[in-house]
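Each of the next two complexes has subunit A plus one other chain: subunit B in the first, subunit C in the second.
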Partner chain A sequence: MFHLELLTVGLIQGAMYAMMALGLTLIYGLLRILHIAHAALFTLGAYAGVLAANAGLGLLPAAIVAVAIGGIAGPLVYLAIYRPLLDKPPYVALIAAIGLLIALEDGFRLVFGPYGLSFDNNPWFISGWMIGGIYLNAVQAAIAVTAIVSIAAFTWFSRRTRAGVAWRATVTDPAMARTFGVEPDRVRILSFAIASMLAAVAGVLIGLLNNLVEPTMGSIIAYKGLAIIVLGGLGNVPGTLVAALLLGVAESFGQTYLDQILDRDAIAFLVLIVVLMVRPQGLFGKAG
Partner chain B sequence: MTKAISRRAVVALAAAVGTFLSMGPAAAQDTIRIGFHAPLTGPAAGDGESAKLGAELAVEQINAAGGLLGKQVELIELDDQAKTEQALPIANRLAGDDVAVVISGSYSGPTRAAAGVFQEKGIPYISAYGVHPDITRAGDYVFRTSFVGEVQGRAGAKLMAENVGAKRVSIVSINNDFGQSLVAGFKEAAAQFGIEIVNEYYYGISDRQFGSIVAGIRRDAPDAIYATGYFFTGGPLVSQLRSAGVTATIVGTEGFDSQSFIDIAKQAAEGVIITTSLDRGTDNPVMRAFIDDFEKKAGFPADMVAATTHTAVLVAADAITRAGSVDHAAIRDALAATKDLPVSTGVLTFNSLGEIYHEIGAQIVKDGAFTHYATIDDPVLLAPPTE
Partner chain C sequence: MDAYILSLTIFVAINVALALSLNLISGFCGQISLGHAAFYGTGAYVSAILSVSGAPFAVSFVAGGIAAGILGFVVGLASLRVREDFLAITTMGVNFLFVGFVRKQGWLGGEIGISSIPKPMSDAGMATLAWILVAATALLLVAIRRSWLGTGFTMIAQDEQAATSLGLNVGRFKLAAFVMGTAGAGFAGVLYAHVAQLIVPDAFGFVVSISILAMVVVGGIGSIYGVIVGAVLLTLLPELARFANDYKLLIFGALMVVVMLISPGGLAGAVQRLRAR
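Let's turn to the complex of A and B:
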């Protein structure tokens, strides 16, 4: 029973990682940019959510506000930071991404203070269910549901809609896609919007689960997200989702059984090192 | 060609920065400089802010009362991000900055690293609230104005046994110097008091999700939980324990001593007991005045970090006055001779290692605020290290 509870906790954590890593892998697939500043949009979403909720909006409308702000901020990041760097070597964009993450973290600290913000009223957090001896609160349930719904919606979008086909075509061959009338820049803006909306909703949910929104809440996920997309085989969407869930479960058990030896946050990188030694293309990447 | 230009630009920039930095001490002859470092950015920036406000309050009070030795006091503030690797550059920078004394408003990691540098350079150094025992062992120029972690851990065990009445205890601890020294003291004294440690869990400073620890504690079903960490880990931990239906008494430490802890955990914080240096129920006029003045300056209630840092600056100022000069050796001797000095955390006397003894207060969260719960006074159990 205890192990089942650890598995549940791990899968929920993994679902949150999946929402974050999906956006990262999308952007990597499209632009070959390691978008470390994705985590800043996660934090931005959390701040938008907590401020809107504390202004009296209610949790659900506050989450929608956060998603909307994420959906606007993501494309702005692309237009202002990455687009001018597209013809530079990839490390230039990586450096810009790290700089942007640090700048935004300190920006949050200067604007909203170093102590962080909490939800004045967090009813989802205190309501929960005991299901077969496993405790689940409403925020954890919301993380699981949001992850499943948003990933399903994304799959449908990329398989069944015209914009989704255009996106996949741009990933495969931007020049060819252009000759078929797909505007790569529009696809990129759309991808940043989708990725950032996912990051923003993940931020709100983690803010609710911690009952704390703080300037540096994205700094660990920023680097863990990279570990996940490398594990999943860079740009490989299903691989990324599986890697995210695996990492969540590994951390949940690791925190219980390896805590005297290893930080929970070190597990991602330990797994990453081992996998890169055995399978340099990632767990689900294609060799060569 | 461009390479040559950029190299020249770098040299010019370095020269400009160097000139700028070296202008500091030259212009400072008519003030007394007190060096100060704290985590002003990064995950511990909340504690850094409290420490900074506590130190600034003390300096303002000293200056309003006419300064020291007829000069105004100037605080040189640097950011260590609570990172050990930042400590050495900061210590070297302050050492070259013509400071009379340096105050650490930071955690054990950076403080322990910086202590060695100040000892070597012969600059008096006071750790406000760093708990690791090795800090003062750096040498005779290093002092501490709060308890060693082990001592506070022992107080926690006594509180657990005698006031809470717990027999079976699970430990949840942050896995850094702070948590490890508290847990070491707690476990040592727990054995004396017949407390059974059911299980121990360790987490990292950036952890906020404690799902698997909560599951473990639900399995352990202890009478009480001994928890170390900071307000930004303790708030989420306590919330998550309570929201999962864990009702065991929670005994925390001075790391939770912040209004932010209560703001995060809200209802879940009610009934949480902590051991700390700041007694909000005090009728001691010096301590009372600090609590009121701090809230006036900061706009939020005083916490342990602010109180110990304020204390550290007052201790330094008292030593400078008694030394009658800013000579480092004279200030060190005056610090070592500090006796029965009334400060914002009580009455302070240093022992031969630069450590203090005083009773340890316990506070409990009631109606959204910390209030007095108990005082643990046991000169044997809580004796500070002397070597």
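Let's turn to the complex of A and C:
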């Protein structure tokens, strides 16, 4: 029973990682950029959510506000920071992304204070159910449902809609996509919007789960997200999702059994380094 | 000299040595490392443990540098197996692993760290030693730049495939850069441990790696004098302007973004462009 509980907690954490890593892998697939600043949009979404909720909106409208702000801020990051650097060597965008993340995190600290904000009223935090002997609170259930719905919606979008086909064409061959009338820049803006909306909703949910929104809540997730997309085989969406869930579970077990020798947050990187030694292309990447 | 000024000069020297040693790996050889603080920390911890248990400073000093270089060799060997994009993430992972491991080790002091590390000489002596380390590192970089080793590094940084097809053993060059650069960070760590006399895991966290990288890129990645200027400026900035200390990460982060957007070659690159006009 204890192990079942660890598994559940791990899968829920993994679902949250999946929402973050999906955006990272989308952007890597499109631009070959390691979008570390993705975590700043996660934190931005969380702050938008907690401020809107504490201003009297319900939790659901507050989450919608957060998603909308994420959807606007993400493309702005692309236009202001990444687009001017596309023709530079990859380390240039990487360093700019790191700079942006630490500057924004410090900005959050200066604007909203170092100790973080809590939800005045967080009914999801206190309500929950016993299912098969495992206690699940409403936030955890919401994370699982949101992850499944948003990832299903994304899959439908990329396979069945015109914009989705244009997106996949741009990932595969931007020049060819252009000759078919797809504007790569619009596809990129769209991708940043989708990825950032996912990050924002993940931020709100984690804010609710911990009942705390703090300036650096995104940083560990930013770095772990990169470990996950590497494990999944960079740019490989199904691989990324599996890697996210695996990491969530590995952490929840590791925290219990490895606590004496290793910090929880180091487990992701231990897994990453061990896997890369055996399979340098990642768990699900193609060799070569 | 004022004690505060003296200790400041030591910390400036330590940061210059760190930035120069990272410049060898990331600037000369083009391998972006996001985990330099792990090697800095290895030097600090190994030497602190030795000194606390009674070893002479000379032994601690050499052991700290060698231990960091050995870890650098292992990480370099591992990084040879992965693609270029993965290297940044692997080195970042090494940093998180280092801190996550040290934090849980009772014999390394855990969260509290190691205290009462004996000071081997006066502050003035430590400052002299620190600046000797800086001079030695800078001279080493100048010598490398002028040698066949430096030519190899440049070729790898510019186009790894071309370097391979010209018959260069790319792996060996990268390993050489890693070992020398990380050993340099280890020596800087030894000095830090014996000046501060107290070390904690967080002093070698990822933020420190990023700060070192910020010094390198603001000064001008690949340039020797540029990186020295960058490290001195970014170390003194939070000290000179008290208000800047509160905004340190905001300023470092914003500088990294602005420099990448305006002049990816940093200050040195900007100077070069002005001269070329």
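Definition applied: the second predicted complex is superposed on the first by the 288 of 288 C-alpha atoms of A that agree within 3 Å, B and C clash if a C-alpha of one lies under 4 Å from a C-alpha of the other, contacts with A are read in each partner's own complex, and residues count from 1 in each chain.
As a working rule, a residue touches a chain if its C-beta (ideal position, glycine included) is under 8 Å from a C-beta of that chain, and two chains touch if they have at least 3 such contacts.
Given the structure is predicted, the values throughout are model-derived calculations rather than measurements.
Aligning the two structures on subunit A places subunit B and subunit C in clashing positions. Once chain A of one complex is fitted onto chain A of the other, the partner contacts of A:Q260 extend to both subunit B and subunit C. By the document's definition of touching, both partners, subunit B and subunit C, reach A:D106. Look at A:L270: by the touch rule set out above, it reaches subunit C but stays clear of subunit B.
By the touch criterion stated above, A:A15 is placed in contact with neither subunit B nor subunit C.
Looking at the shared chain after the overlay, A:G128 reaches subunit B, while subunit C stays out of its contact range.
When the two structures are aligned on the shared chain, A:P90 is found in touch with subunit C, with no touch to subunit B.
Within the superposed three-chain model, A:N210 lies in touch with subunit B and out of touch with subunit C [touch as defined at top]. By the document's definition of touching, of the two partners only subunit C reaches A:I81; subunit B does not. Contacts of A:V50 after superposition: neither subunit B nor subunit C is touched. Put simply, of the subunit B stretches 78-86, 186-194, 204-212 or 366-374, the part that bumps into subunit C is 78-86.
Subunit A uses residues 106, 259-260, 263-266 to touch subunit B in one structure and subunit C in the other. Against subunit C, the residues of subunit A that register as touching in their complex are 32, 34, 81, 84-85, 88-96, 98-107, 110, 223, 226-227, 230, 234, 259-270, 272-273, 276-277, 280-281.
Listing the residues of subunit A that touch subunit B in their complex gives 2, 5-6, 9-10, 12-13, 106, 109, 113-116, 118, 122, 125-126, 128, 130, 135, 137, 140, 206, 209-212, 214-217, 219-220, 251-253, 255-256, 259-260, 263-266.
For subunit C in complex with subunit A, the residues that touch the partner chain are 26, 30, 32, 34, 78, 81-86, 88-90, 92-94, 96-97, 99-101, 103-105, 206-207, 210, 213-214, 217, 221, 246-250, 252-257, 260-261, 264. Subunit B meets subunit A in the complex at residues 40-43, 45-46, 48-49, 175, 200-204, 206-209, 211-216, 218-219, 232, 235-236, 239-240, 243-245, 258, 260, 263-267.
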